[in-house]
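Structures are listed in the sections that come next.
Look for subunit A in each of the two complexes below; its partner is subunit B in the first and subunit C in the second.
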Partner chain A sequence: MAQIRTVDLTKTFPDAAGGVTALDALTLTVDDGEFFALLGPSGCGKTTLLRTLAGLETPTGGAVHIGDADVTHTPPGKRGVAMVFQDYALFPHMTVTENIAYPLRVRGASKSAQREAVLAAASELGLTGTETTVGLLDRRPGALSGGQQQRVALARATAANPTVFLFDEPLSNLDARLRLEARTFLKRLQRELATTTVFVTHDQAEALALADRIAVMQSGRIRQLGTPREVYRRPANTFVASFIGSTPMNLLEGTVRDGRVLVADSEIARPDGTAGLVADGTQVVLGARPEYFRVSPAPLGGAFQGTVAVVENLGSSLLLTLDVAGTPVQAVVGEEDEPEPGATLWALPRQDRTLLYVDGELVG
Partner chain B sequence: MTMRDTTTGAVVTKIGRYTFLSVLLGFFALPMLWLASAPFNAHPTLNVSISSFTLHNFSVLLKDPYALPSLWNSLLLAGGTALLTVGFAAAAAYALSRVRVPGRDGILYALLLLSSIVTGTAAMVPLFQLAFKLHLIDSRLGVILVFTGGLIPAAIFILKDFTDSTPKSYEESARVFGATPFQIIRHIVLPLIRPGPVVNVWGSFLIPYILVRNPDKYPAAVVLYTFYTEGGQPNLALISAFSLLYSIPVILLYLFVSHRYGFRFHGGIKR
Partner chain C sequence: MARAASPAAAEDPAGLGRARAAGIAAPALLVVLAFLVFPALWTLYLGTTNYRLTGFAARHPHSVGTDNYTNVVKDPAFHHSLWLTFEYVLGSAVIGQALLGFVIAWMLRDAAGWLKRLVEALVLLAWILPSSVVAFLWVALLDRDAGTLNTLLHTPGTAWAIEHPMSTIIVFNIWRGTAFSMLLYSAALTGVPPSQLATARMFGANQWQQLRDVVFPHIRGHILTNLLLISLWTFNDFTPYQITAGGPDDKSDILPVYIYRTALFDGQMGLGAAISLLMLVINLVVALVYLRLLRERRLERVV
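After this line comes the complex of A and B, so read on.
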């Protein structure tokens, strides 16, 4: 059980052009028992941060604290962390039992202690006691399914009895169907163990679903830190706004005039909570999630008027792309209201869910 | 009609292929058969036959003061070379695979190229002088070192490929669990790249075993030449019996490697 703190953590990798900054003076606190996501596009520094927490990378500057100890220069094996790698890194020449027992073997635990820990971890992870798991502990990793391999990797990490779990893209090696199942499983496991857990992902849905808090990263910096609800509802800047959400947020350039926002030849009501904060004539970006539109074939006041360019079926709903005076605006409607392409529609964004950005930063 | 044509054609092709294979097989099998039969023949000729069975040839060899010690010498030289080569090459290959060295591939190819161009006869005079200065003339160690030097580049090349194909995450995972570098090598790296070194032992064993010709310690290949009569006639009985004994270590090693590792001679080649 431990809190993780980084202070001005910096990591530069040398290259021909003088160095790439993977972590830029990063200060961050992960609370004890928290399930914490590092989210960002590839190359944002999230994996470097995770590896620096594990001790596999040495920071160029700054410090890492786990619990009360400064572990900046502590070797990986002495930090009390367990890491699950993206490819699981199960040793192919060892059986499942030997793999799970490995952390204890390294510490010189007795054979009986090893066996005990293996059985405890294996039953915790559902690797024993069912029809599909008969003889599983004696198999080699090569003879396991992807989902089983992931559980073995988790069991091995659990057997190490760490104060901190580090997961590198824990779900990305599973196929889509299994991924949802594993996601639920992972969340329940973390809740039960209540061990501080940091995981890296590039999948915003995964971060939203699993994490207690999310750090959205870009170019070695944290662009927003918050609960999934905060990050989803009020992205702090246009980068986070465009990154979070399974259908990307409409980010429409416009100007403020008379308390309204002039966007794509339409006059849209100013988002709630921004009254008096932005002067008339200011260049702004209006953020509106496609999910929060009221779409109607009849005229609506203060709505976008456009023609349907594309209709995409999302299963339970439809994603419409409207052509509003040459600007694409996306809106989600129920499956029962399927419009014909070319039809004219009015789309009214919910005033309490629209956002205003000036110079890329959220207003209000 | 067309169907029967294709079946006839297929049969003819098949017959042709098997005939060719049989001839090929015979070509390579006959010398082996001869090697297996001639030692037990009292009056061997160049024919494959046992006209009069005997074990006399082997008893002559057993009494020969040079024959058996020479086999032992060969084993020592080849075994020593194999161990040294693989030991050094494995360490170098691991380092080259895991540490970023500028111009790494260049170094590797240069080594490989040099070792195959400047070898054998061309290097004999400087090697002799070097061995002389180091007082390694007349010693098995000298022969072992010369062979080791010649075989190391190729061994590094092959073993580096084995190491490259082993994901780094295995070692990192072990590190996070607290394994020491020595434990990582012993528990993870060596077992994973094991087929590589084993195949290399075989390769590094075979070459010196066949080639060693140090006139002083008389390895087996040299002793073979003593089984010629003064008139230059080969003593077929003794040569064949000795050859059979000589091939036993090679066959044993082959069987061992093949049994354990399915003889994966793939190092250096993309699978």
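After this line comes the complex of A and C, so read on.
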């Protein structure tokens, strides 16, 4: 059981131009037992951070603490950390049993201790046979499906009895249907083990679904740190706002006038909680998620008026792209309200869910 | 109809017809016949005669049956030569080149690009130079009076090639041939998944455990192929003759040198041919053993 702390963690990779900064003086605390997500686009430094926590990369500056110990210069095998890689990294020439027993074998544990740990980890991960299913313990990794391989990798990490789990893109090698199943499984497993877990992902839906807290990263820095609810509801800046959400947030440039926001030839009510914080005439960006619009064929006060340009079917709902005086505005409506392309509609954003950004940062 | 068509297509996939296909292959086959099959058969024949380079038996060789073979097998000089060859192959190829090549490849796997290229270029240089050039470089290096090695070590007057003939040619062949193993292992090591190595490290595996549990299982096929090639090359290697000429006192008289001296110095062509054939058989046995091991590995994978 351990907390993870990084202090001014910096990692620079040398290159022809003098160095690429992958981590920029990063200070972060992951609480004991927390399920923590590092989220960001590729090249944001999230994988470097994970590998630095693992000890596979040596930081250029700063420190890493796990529990009470400073492990900045501790080799990976002595940190009490287990990592599951994106490709699971199972040893192909060993059986499932040998793979799971490997951490104990390396430490020189007795055969009986190895057997015990394998059985415990395998039954935890559902790898032993039942009356209706065949056990996988004697198979080679090559004979397993992707989901089974992942569970073997998790079992092996569990058998190491670590104080911290690190997962690198844990779901990205699975096909779409299996991914949801594995997500639920992973979250339940982490709850049961209550081991501090850090995982890396580029998929915001995965981070929102799994994590207790999320660090959204860009260019080696943390742009926002918070619970999934906080990060989704109140993105701290336009980068996070554009990154989080399955349908991207509308970010519309405008100006403040008389307590309203003038954007795309429409006068929209100022978001809740921003009264008196922004002076008249200030250039702002209005953030409005497509999910929080009221769309009507009849005129609504303080709404965007536009014509339907594109209708995308999302299954239970429809994503409309409206042309509002030349600016595209997206809104989600129920499946029963399918409009014809070209129809004129009024879209009113929910005032309690709109956000105001000045110079890219959230106001209020 | 379909059944009749497919065997024909399998027999003649290029659609050339038998005559034209044979015509195209003929020049190559002729060269193979002239320079490979015929000399091999000629050696086989010579091995059963008392043919000599000069004298009466050169003009009128007659058959001696299997006498050459029975004589050679009983000859202590042959046993001695065979033993020296075994030492040479084991010391310079299996242990020297393969082990050193792997160690260099393993140490260079994470090295900076320029260092890797520099070492590779230097090692490769030893490999691509013509053997006669390399041999004379070594003669100059080891020379008793003006040799570079004696100057470097401050051991004037030491005749390395005479005092330590086997060690000399073994070290020489290691120096000369390590490049091949190193390049082969370098390429093989790039195929070892980094995530598996990192996983082993995360569980606390030391260098040896990482090699045993991750690296060797992945490159086993490469190791066997490499050992097969370099032991056959070394077994048939004649270059040491240019440094020690089999001497002094037959102390570095490995098989190719022994055959050369028997056939061309002593002039006993028939006997030399017989030993050559024995050597060919040994080559075949060695190759078969390695191929057997490789195949077992593949079967194991399927199971």
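As a convention for this text, the second predicted complex is superposed on the first by the 359 of 364 C-alpha atoms of A that agree within 3 Å, B and C clash if a C-alpha of one lies under 4 Å from a C-alpha of the other, contacts with A are read in each partner's own complex, and residues count from 1 in each chain.
Basically, a contact is a pair of C-beta atoms (placed from the backbone, for glycine too) under 8 Å apart; a residue touches a chain by one contact, two chains touch by 3 or more.
Because the structure is a prediction, the values reported are computed rather than measured.
**Student:** Should subunit B and subunit C be called a clash or a fit once both complexes are overlaid on subunit A?
**Tutor:** Superposition check on subunit A flags a clash between subunit B and subunit C.
**Student:** Kindly classify A:Gly364 by the partners it touches after superposition: subunit B alone (first), subunit C alone (second), both, or neither?
**Tutor:** After superposing on A, A:Gly364 lies clear of both subunit B and subunit C.
**Student:** First (subunit B), second (subunit C), both or neither: which does A:Gly67 touch?
**Tutor:** Touch partners of A:Gly67: none, neither subunit B nor subunit C.
**Student:** Touch check for A:Leu56: first (subunit B), second (subunit C), both, or neither?
**Tutor:** both
**Student:** On the A-aligned overlay, A:Pro328 touches which partner chain: subunit B = first, subunit C = second, or both, or neither?
**Tutor:** neither
**Student:** For A:Gly126, select first, second, both or neither according to whether it touches subunit B, subunit C, the two together, or no partner.
**Tutor:** Neither: A:Gly126 stays clear of subunit B and subunit C.
**Student:** Check whether A:Gly43 is in contact with subunit B, with subunit C, with both or with neither, and answer first, second, both or neither.
**Tutor:** Neither subunit B nor subunit C is touched by A:Gly43.
**Student:** Residues on subunit A in contact with subunit B in one complex and with subunit C in the other?
**Tutor:** Touching subunit B and subunit C on subunit A: residues 54-56, 75-78, 81-83, 85-87, 89, 91-93, 102-103, 106-107, 160.
**Student:** Please give the residue numbers of subunit A that touch subunit B in the complex, ascending.
**Tutor:** Residue positions touching the partner: 54-56, 75-78, 81-83, 85-87, 89, 91-93, 102-103, 105-107, 156, 160, 166.
**Student:** If you look only at subunit B, which of its residues touch subunit A in the complex?
**Tutor:** 167, 169-170, 172-180, 183, 187-188, 191-192
**Student:** Any idea which subunit A residues touch subunit C in the complex?
**Tutor:** 54-56, 75-78, 81-83, 85-94, 102-103, 106-107, 160
**Student:** Looking at the complex, which residues from subunit C come into contact with subunit A?
**Tutor:** Residues of subunit C touching subunit A: 193, 195-196, 198-205, 209, 213-214, 217.
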